[in-house]
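Some structures to go through are shown next.
In what comes next, chain A is part of two complexes: it sits with chain B in the first one and with chain C in the second one.
After this line comes the complex of A and B, so read on.
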C-alpha cells in the first residue's frame, strides 16, 4: 500500500526536466555559436535555420522566457492577476539604459564597466546592473503592491493594468520629466554598453554568447522559482491561491505573502528588462506596450500556470511564432503558392484561436503543474499504483 | 479556574442588523465549552469575531492578559487561537503534510534568501517541521495520508485533517465549528473520544459550535445558548437541558417539549 509521494514525484520529474533543459540549451548554444558560423556548413541548412530560427529570434524568445517565469510567480504561484507586467520590463530596461550607457553624459562614473575609462556617462558592470535592475523593480513592485494588494482579484487586475500603462507612458514622454530628461523619449537610449562575460565583452554581433547568457539567466529564474516553491513562502503562496481566508486563519499574513510574490516577480521583470536591453543594444520606449503584458500572460496560461517548464515552453513557442515563425511560414507559403498573404497581420487572430482552443480542450496548459496534472488524471494515477500493476500483470 | 480567553460584552452589527448583541463569554483553561443555538443565532459570527475575521462594534476580547480585539486574523492565529470551519476549508490541492506546514508558517523563520540558498538552518527547520507535522497527523489519526492531496481524503478524514491543521498552530484555544456535521453516530463517538484525549494530553481549551446534542452534552463542561444574537442561557449540560427558555428557542413553545 505504498502511496506515491507527491513531493518525491515532483523533484524526480524536475530532475528530468533540468537534464532536458541543459541538453536543449547546450544544443542551441553549439548550433548558434559554432555550427552556424562554420564555413563547412551546407548553405541549405544555413538558410533554413536563418529563415526559421535566426539567432536573434532565439535570444528574444529567451528574454520572454525570463519575463514569463517572473510573471508565473505572481500569477501561477500566488494566483494574483497582473495585467501590467510590462512596467517592470520597462523599468529594468531603463536601469540598463541609465547605468550602462553615455546617457548621463555630464557624469563620469565607472565601476568595473566594459568601456574605456574616461567615457562620459555611468558605466557600471553588467552583472551589477542586472542585480540593481532586479532590486529597483522589486522596490516598485512593493510600492505598487502595498496600497493595491488589499483589493480583490478583479480590482487588483485593473490597478495593475493602469500601472502597466502609466510607467511606459512616463518613459515615452520622459524627455522632460519635471525638467529632467529621464528617458530620451521616443529617441530611446542607445547604445548600452556591451556586457562583459569574463573573457570578452558581448557586443551586437555576439548572439551565440548572448544566447548562453540568457540561458544562464533563465536557469537562475528556474532555480529561484523551484527553491522558493518548495519552501515556507511557496507553500504560503499556494495556500493563498487556494483559499485566502483559510490561509489567514492559519496564521499566513496575506499582505506580506502577496507582496513577496510581487517583489520576486518584479525582480525577474528587472532581469528581463536588463537582458532585453543587452539583446537589442538599447532601450526604446515604444517597445514597452500593453500588448506585451497580455502576451506574457498568454504564455503563462498556455504553458501551464505554476509549472516553470510549461511556462518556458509556452513563452518560447509563443514569442517565436510572434517574432519569426509566422512571418517565415508566410514567406514559404507565399513563395510556393504564388500568393501574397500578409500572415503576420493574423498574429492576434491566431493567438485568440489558440487561447480559445486551449480553454476548451486543455485548460490546464501544455505542461500543467504537477498538482493539476495529478488532479486531471486521477484515474490513471490509480492504475499506476502498485495494485493496478499487479492486476495488469495477472491478466 | 483561570480563563484563557475572555470576550466581554461583544456586539456585532451588520448595517442595522445586530448579529451578536452584548454577549460575554469566557473559556477556562483546559476546558471544553459549547455554543449552541438555532440557525441564525449568531454562533458562527461570534466565532468570526474571536478569530479576528470580523471586528466587533462593541466589546473586547482578552487572550491571556492581552487585548486582541484589534489584531489582524493571522496575528490572532499565530498567538494561539486556531479554528476549523463549518464547511471544510482545507487547501485541497496541497498534501496533508503541506496543509500542516502552512499552519506552521508563523512559527517558521526561513526567509527568501535562506530558502533559495537552502542553508543548513533552513533544511533543519524544514525537516523538523515535517517531523512535527507527522506526529500531529498521527495523533489525529490521519498519519497514513501524509503525501495525499487533502481533497482526496474521505469526509471524516478531512474533518480530522482540519483539526490537525489547526493543532499545527500550537493553539491555546481550539474553536471547532460544527465538527461532527455529516458524521454518523459511530464517527461522532470516535470524535468525542478524540477531543477528550486532546484536552487530556495537551494544554489546550476547546470551544465547540455543535448541533448534535449528544456530542454537546457528553463533551461540554459548560454550554452557552445563543438565540437571535443574545445569550439566553449558560450552565452545565443538565441545567441547559431543562431550561425552559432554551426549549422555547429551539421548539417554539413549551408544550412541544413534553416528549
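After this line comes the complex of A and C, so read on.
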C-alpha cells in the first residue's frame, strides 16, 4: 500500500506542468485580451463567450483557485479542517485596502505606488502589498493556531469557525472600532490602486491583463504547493494527516508542522485577498461571510483533497457555477422554454447535493490523490465495527 | 492531546507546568474581568441588568434546547451535526405554517392554546422524522469514514435544509401572529413578559423529560452504552443503528420544540436563522462540556445570559458585536478548558 503511493506521488518529477500551464495560460490570455475584442470575429461568438464565460468570471475563478490552493494545504495536506478560511481572505483584502488606497487620508506615504505622488493615503506597490498581505495573514494563522492546534480535530474546526466569524464582524463593524475607523464599515474601502505590471497600471477595465496577473499568481501557488509537498515539510504534513500518533513517534514535531501548514495556508489566503481586492477594485465587508469558507472547502473536496490539479478543477467549476454558470444557464433555459425559474436560488441545493453525494460516493474527489483515496476508504473494511450491512446480515 | 490531564498527575515537563500556570492565571483573569463587568453594570442600572438578564435567559432556554441535539449527537457518534441549526429553522417555519395557515389560529385564546399544543406534538414529530431521515440516508453510510467526510456531509445537509427553508419561507423574513399571551407582569420595577414565563413553563419540563429519558430508561441506557463503545454494545445485544436513530430522533424533537418556542417568542422566521443560532447553540454545548446533557442546558443559559447582557447593558459592546462576544467565549473556553464547564477530562483514545 505504502509502496504504491510513494511511487505515484513523491518520486515522480513534477516540473513538467510548467510547460502545459504556460501554453494553456497564454491561450486563455490571447483569447480574452486580443481575440474577443477583435472586430473580425463573428458577433455570435463574442455574445456566447460573454454570456457564458466573461473575462471577469475567469478572473474571479482564478482568485478562488489561489484561495482553494491555500486551503488545500491546510485541509488536503495537513488534514486540519479549517472552517474559517474567509478570515484570511478578509485580512488580505483589508491589507490591500489599507496599503493601496486613500483610506488613511491623513497620511501620505508612497512606495513605488501606481498613483501620482500628491495623492493622500498609503500607496505601496502592489507586489509588495501582496507579500505584506501574505505575511500578515500568516502571522494571524500562527496566532490563531498556536494556542489551539493541540485540540482535537473537531474542536480545531470550531475555533477556526469562530475566528472566521469574528474577523469579518470586526471589519463589518470596523467604522468604530474602539473609536478608530479601521475598515469604513459596510461602506467598504472603495477604490484600490491599480496594480502595476511593469509597462502598464492595471485598472478596473484591464480584465485581460489581470487574467495574466492572476494566472501568474496561481502558478506561484501551484509551484509552492507542489514543491512543499515533495519536501520534508510536505511529507511531514502527509504523515500527520494520516496518523498523528505514528508521525509524532517517527519524530515529526506535531505543533511546528501543523503551524507551518496554517501559516502557508493563511499566506495563500492573503495573496488571494489582495488579488480579489484588485479584481473588484475595492474591499467590501459584507462579502466576507461563512458561506465563502464552506464554498472554498467544497472546492477542495470536490476536486480532490491533496491534489493540486483536482483542487484547481474544483475551484474553477464551482466558482464558475456560482458566479456565472448557473445564471447564464437559467437565462438560456428560461428564454428557450418560456419559464421564469430563478436558477440562482438553487445554489444552496446544488452545493448541498454536491457535498453530500461526493462524500457518499466519491469521497476522494474528482481527481483524487492516491494516498488520500486509500485513507478515505480505510475504515470501510474494518472488522467488528457497527456497520449497517453487517447488522442486517446478523439478523 | 492529553497533556493537561497527564500533567495534573505527574509534575510534567517545565513547559507543561508553565503552560498550566499561564492557563490558570488566564482563566482567573477572564472570570474576574467578567465579574467586574457585571458588577459595574449592576451598580450602574440594576433594573436594566435584570431585564437584560431575563431576556438573555429566555434566548438561553432556546439555545439550550438546540444545544441538546448537538450534544446528544456528538456524544454518540462524535459528529458536529451542522444541519441541526437548520433543522431548528425548518421547525420554526413548519410551526408558523402549522399554526397560522393549517389550523388557522392567530390570537391567544383557547383555540390558540389548542393549536399550540397540537403544533408542539406535530413539530416534535416533524423534527424527529427529518433528523432520522438525515441520519439514515447520509450519516449512517459514513459511520466508518474519516471524520472529515461526515462533517462535510453535515455541512452539505445544512445547505440542503437551508434551501428547503429558502423555498418554503421565502428569502425575506416573515412576520407571524403568535398565540402565546403577551402581557407583562411587574416585579417591582422589573418588567417580565408573560411570554418568558410561558416559555420556561413549557421548555423546562421538556428538558426534564429528556433527562429522564436518557438517565432512567432502558433506551437511555442503550444510548449511553453505545456512546461508550459501539462494538461492545453490539455484543451486549444493543441494536446500535436503532439506538443512534433514536438519539437523532430525540435531538430532532428538541430542535422542533425549540423552533416552535422561538417562532412564538420572536414572531418572525427567516431561512438563514438556523445557521447563526446553530453556531451559538453549539458553542453552548461546548461551553457546558459536549456530551453532557445538563452541561448543554447550563451552557445554553450562560451563553444566552451573556449575550443578553451584552446586547442590553449600558456598558457593553452592544448588539453589533454579539457574535464576536459569543465566539470569543467559544475560543477562550476551547483554549483554557476544552472539556467544558461540566465535562470530564478524558484522555485521548489511541
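The rule is short, and it goes like this: the second predicted complex is superposed on the first by the 350 of 395 C-alpha atoms of A that agree within 3 Å, B and C clash if a C-alpha of one lies under 4 Å from a C-alpha of the other, contacts with A are read in each partner's own complex, and residues count from 1 in each chain.
Definition applied: contacts are C-beta pairs under 8 Å (C-beta built on N, C-alpha and C of every residue); 3 or more make two chains touch, one makes a residue touch a chain.
Keep in mind it's a predicted model, so treat the numbers as computed, not measured.
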Given the touch rule stated above, what does A:359 touch, chain B (first), chain C (second), both, or neither?
-> second
Which of chain B and chain C A:227 touches, first, second, both or neither | first
Touching A:249 in the superposition: chain B (first), chain C (second), both, neither?
-> first
For A:349, decide between first (touching chain B), second (touching chain C), both and neither.
-> second
Which holds for A:275: it touches chain B only (first), chain C only (second), both, or neither?
-> neither
Could you look at A:161 and tell me whether it touches chain B, chain C, both or neither (first, second, both, neither)?
-> second
Once the shared chain is lined up, is A:313 touching chain B (first), chain C (second), both, or neither of them?
-> neither
According to the contact criterion defined above, which of chain B and chain C contacts more residues of chain A?
-> C
The shared contact residues of chain A with chain B and chain C are 245, 375, 378
So, in the complex, the side of chain C touching chain A is made of residues 1, 3, 78, 80, 138, 140-153, 155-163, 166-167, 171, 230-231, 233-234, 239-241, 275, 279, 282-283, 286, 320-321, 323-324, 327-328, 330-331, 334-335, 338, 348, 350
For the chain B and chain A complex, residues of the former touching the latter | 51, 53, 72-74, 77-78, 82-83, 85, 89-95, 97-98, 101-103, 105-108, 110-112, 115-116, 118, 122, 126, 144-145, 147-149, 152, 165-166, 169
Any idea which chain A residues touch chain C in the complex?
-> 75, 79, 81, 147-148, 150-155, 157-159, 161-163, 165-166, 169-170, 173, 245, 290, 294, 297-298, 301, 345-346, 348-349, 351-356, 358-360, 363, 375-376, 378-380, 382, 384-388, 391
Sort out for me which residues of chain A touch chain B in the complex.
-> 3-8, 223-224, 227-228, 230-236, 238-239, 242-243, 245-254, 260, 264, 371-372, 374-375, 378
